[in-house]
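Both of the next two complexes hold chain A, though its partner changes from chain B to chain C.
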Partner chain A sequence: MITNRRKHIVVAMTLIAPFVFIFALVFLYPTLKMVELSFTNAPLIGSGEWVGLDNYRRLFNDNLFYTSLKNNGYFVLLTVVPTTVIALAIALAVNRLAGSMQALVLAVFFLPYILPVSVVTQIWAWMLDFQFGILQPLIEWVTGKPVAVFNHPSWVMPAVASITIWWTNGFNVLLFIAGLRNISPDLYEAAALDGASRRQLFMKITWPLLWPVTALVLTLQLILQLKLFDQVYLLSGGGPFNSSYVLLMMVYREAFQLNHGGYASAVAVILFVLIMIVSVLQFQLLRIGGRK
Partner chain B sequence: MTGVTLKCVDKDFGSTKIIDNVSMDIAQGEFAVFVGPSGCGKSTLLRMIAGLEETSAGAIEIEGRDVTQTEPAQRGVAMVFQSYALYPHLTVFENMAFSLRLARAPKQQITKQVNEAARILKIEEQLDKKPSKLSGGQRQRVAIGRAIVRQPKVFLFDEPLSNLDAELRVQMRLELSLLHKQLGSTMIYVTHDQVEAMTLADKIFVLRGGVVQQSGTPLALYDDPANQFVAGFIGSPAMNFLSATVSAVTTAGVVASIEGSDGQSLEAQLLDTTLEAGQKVTLGIRPEHMHICESGLSTTVEMTENLGGVAYLHARLMGGQKIVIERRGERQSHQDESISVWADPKHVLVFAQDGQRLR
Partner chain C sequence: MLLVITLTAAAIWIFPLYWAFVTSIRDESHVVSSDAGLLPDMLNLTAYSDALFNSNLLTWYVNSIGTSIIITVTVLITGMMCAYALSQMRFPGRRALYAVVLASFMIPTQALVVTQFVLMNDLGLVNTWAGIILPQLIVPVVIIVYKQFFDAVPKEMREAVLLDGGGEYTLLFKVYLPLNWGITTALAIITFIMAWNQFFWPFLVTTSENMMTIPVGITQVRDTFGVNYARVMAVALLGAAPVAIAYLIFQKKVTEAVMISSGVKG
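What follows is the complex of A and B.
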């Protein structure tokens, strides 16, 4: 086909223009503005004076920043790998079901994902309520006494993590199911003829071929869980004793409660850079791991 | 000695019978081909021999051992899939070594066996590559190599050449034939392509609707088909079938007048017949047995396919029935010409209304 190169470029530009415009308007501009703000002492609304690296200097001497960073790390540990493993296990089980039964079970696992966070937190706040929560007898049976889960420094993060896994796991299951369906049944038959046991089928066929999906799930989860805010805000408010206080909460409090726009921007910049470095690094590491 | 024996084998999917009471004997070292149209059950039958499909009834024996309830890996069979089913994350060497590694064979033995198979198939250069870096033909070789490495009693091929282009298919067909001679193993090959069946097989099994219609050597099936289905399926271009009515019964056979041809008739040789005048039959004549003559069936040539060495004249009889006439070395197109054709009575096959051959 004969193509006019200039016309081709014009068409291409026209097609990407709406995206570029929206991207610039709602992402690029605010991001650059945020970086700029982080070097000023601006309040929440309006501009401030240039203070250089003052905000960052203050941040690196702020104990709450380190507490939040540690809590973010702890939450990532509690969620990313466990949710991936659980989703894979569920996907493997669901994949063995056939027809409408599979669709039904998949829908059941996916259902929590469509709930808004406020509903999710309300459900679990009730279920784990210190006085009348239906899960308290279970906790009492294990620990010997009822526990005010969201008011207990060692319980709060694991509880929020469990709720988050319950809430978001359906999507990961879906990704794994899609990955599993991509593996040709012929490969399993060939491996069965080659004498592979059930365990070997998983270790030598399923697992290596699912690796790209696993890497994707791990990376998506890492990004998502580093942005933790809603659940802790609604369930524990960052407490008790800041034991569930995370970086985004710090941004929220500094910006909207203490009117420190500049300082909040500095925290946000650090979180942004952190997520970028960690996720890119992880995805690259996982890719190398999958290639060997 | 027997290679593979099937005794009254059935396969049901729910209430549908896919394989219906199939019995067969494939001798050791024989190249057997299952051929038939799509959905005839040929692949299912192969998968049952492999152990990938359960057998609903009957027994499957491999070299005298009943393997009906045996796991696929313990049957001593290796299979080459239509999709090749190569493990995409493993190199060619690892693909071929897969079964030996699972069986924890010594490293030296694995290397030796894989290299030997690679040498036979001329893929030594490709051993370090992943399947995605190979061409269709090379992938096919790797799939065959993976089967060879297992040193199976029986090789099973499920339409292995259907994903290759025409030229490569012819080449691989020859190589498979040579490989069979070299290894001397029993091979069972499934295809819907009757040319592949004719060229590769020692013995062909023609299947339709899960039932073996006829089995035998390629030429036996070609020359002496048991029914109209086999007669039409084997041979390219297909046999001409003409609806006719018996007009006279003689000691040598029958005379049948072709439907709509104004009393024009053909003679067919029959040894023993219970046919009577007035009965409807179908006459079967291969294109190469139709000859142009001075007086015979009047036809009009509608189209000529000239392949150089041979030409196929597509013609229509007076009553509208179509026939194909093969002409060796023909250079004329005969387009729109009226010609008369005739066939030697000994080459005219007679089929009853139910499709069964009358001899």
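What follows is the complex of A and C.
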């Protein structure tokens, strides 16, 4: 019996070993190393000296850090709530369609989500090209002149945000549709028999029952958009005048372009902690919302 | 009325892809001419043949397909093994391991790139497939979804196999896995699409053009040729084609996988 129990445990250990090993190698070790590195003045490759809290002190006096933080916040404002509202509207509309029409329209809204980010940015760079972009006549019609969107401090973030919404919105639409399908049709029938209006149906049934999904979408988006890098790097490189410079951009530039491994790690630690805090809040929020 | 609005919105939504396609089949001089309209008016495939034969696109395809397949297979196998142990076996540290899996959901991998890069450099894996692959092998959601599905398998099946003298590996690969082919294909498709689309990490770990994956490589085309919009669009569409086609074929599976893995539908 004892040997059986031991054998059982050995088998279990071999089953979990590959995951645990890879996890320790590419997640745990880099996390600890990141914290350690953030207290040194090491370059990206090679060792440095222990400098205590110097990197953090410097960081909290670095204007670029505050600019990045502000831009991250601005991007979150521009994307999280708008994409949730747009996705909900699209999901409600798609949900009313039937059969192959529904599948087709859903595919149209979801397709951008499965494109690589660089494909998305290249298509939009062409759409918004200063000289030949198909959208420039539209911009000219509104503002009176063509705009070099990604070279304009006040246009760049809204443009990147819109492109991001176009790209990732399909995912949120799917979640809302799943949420809508989970609502029993009986509820609507019963309410309709009682003479409820369309508006009442939405306010009293759809919206409250959809709230857990809405909370999920909002928090997933919040975390996702805090990790912004790819789109700004490819579209504007963080410019012009740092108007689209974000925290992850700062990590990238300090580490890989300026060779400041230690300082970049300090920025990364701050970003890491920030996202962990938001994630824990999300977890709690969703749990209170009644999910497992 | 609602139908008209929905279809208009859908048409606007798909327009950028339509426009990329129209641009890609035009002659470059026609692309930038002022009399070029909104409708496809040429069928010129020079941009495509240029993209395929005068750039490294084919090399990037090989890198993308190779790394994405290895990632998908490894993630699924290690994930299902770990999930099986968590779901069906009792061992010390089980609860702690599950807590780690749940918590690793929250870890922002992007913040780890600096030290992951240092690690890959120490291991001599910069500019190699292994370097591209390794950090992408942790996909906790695969474990969580598998565990849910394994939990739901009736206990009687397990006991019957154990009575017949079968071991845990027999159970996993002959019973639990075949019972869950549906979710396995769904997870495989989204893991593959995720791996294919990964930009940030492959971008950092590949500096030589020969080692780049599609999403990283296609950003180089503009630099090499200068701006040639027909070609840029052809390259972009060719880069997106494999996953787009996979999605269109497996649309139902992808939809299901997204819903299940985000916990909206179990």
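Operating definition for what follows: the second predicted complex is superposed on the first by the 262 of 292 C-alpha atoms of A that agree within 3 Å, B and C clash if a C-alpha of one lies under 4 Å from a C-alpha of the other, contacts with A are read in each partner's own complex, and residues count from 1 in each chain.
Everything that follows uses one rule, which is that a contact is a pair of C-beta atoms (placed from the backbone, for glycine too) under 8 Å apart; a residue touches a chain by one contact, two chains touch by 3 or more.
Keep in mind the model is a prediction, meaning the values are calculated, not measured.
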{"item": "Three-chain arrangement built on chain A, chain B and chain C clash or fit", "value": "fit"}
{"item": "Superposed model, chain A: greater residue contact from chain B or chain C", "value": "C"}
{"item": "Cα-centre angle that chain B and chain C span when viewed from chain A, reported as a multiple of 10 degrees", "value": "80"}
{"item": "First, second, both or neither for A:A192, with chain B first and chain C second", "value": "first"}
{"item": "Touched partner set for A:A264, first chain B, second chain C, both or neither", "value": "second"}
{"item": "Which superposed partner A:V85 touches (first chain B, second chain C, both, neither)", "value": "neither"}
{"item": "Contacts of A:M203 with chain B and chain C, given as first, second, both or neither", "value": "neither"}
{"item": "Which of chain B and chain C A:L285 touches, first, second, both or neither", "value": "neither"}
{"item": "Shortest span in Å between Cα atoms of chain B and of chain C, once chain A is used as the common reference", "value": "16"}
{"item": "Residues of chain A that lie at the interface with chain B and also at the interface with chain C", "value": "none"}
{"item": "Complex contact set, residues of chain A against chain C", "value": "8-9, 11-13, 15-16, 18-20, 22-23, 25-27, 29-31, 33-34, 37, 44-45, 90, 93-94, 96-97, 103, 105-112, 114-119, 122-124, 126-127, 129, 131-132, 134, 166, 171, 174-175, 178-179, 181-182, 213, 216, 220, 223, 226-227, 229-230, 234, 248, 251-252, 255-256, 261, 264-265, 268-269, 271-272, 275-276, 279-280, 283, 291-292"}
{"item": "Of chain C, residues touching chain A in the complex", "value": "2-3, 5-7, 9-10, 13-14, 16-17, 19-20, 23, 31-32, 38, 77-79, 81-82, 84-86, 89-92, 94, 97, 100, 104-119, 121, 134-135, 137-138, 143, 167-169, 172, 193, 196-197, 199-200, 204, 214-216, 218-219, 222, 229, 232-233, 235-237, 239-240, 243-244, 247-248, 251, 254-255, 258-259, 262-265"}
{"item": "Contact footprint of chain B on chain A as seen in their complex", "value": "184, 186-187, 189-196, 200, 204-205, 208-209"}
{"item": "Residues of chain B touching chain A in the complex", "value": "50-52, 71-74, 77-79, 81, 83, 85, 87-89, 98-99, 102-103, 146, 150"}
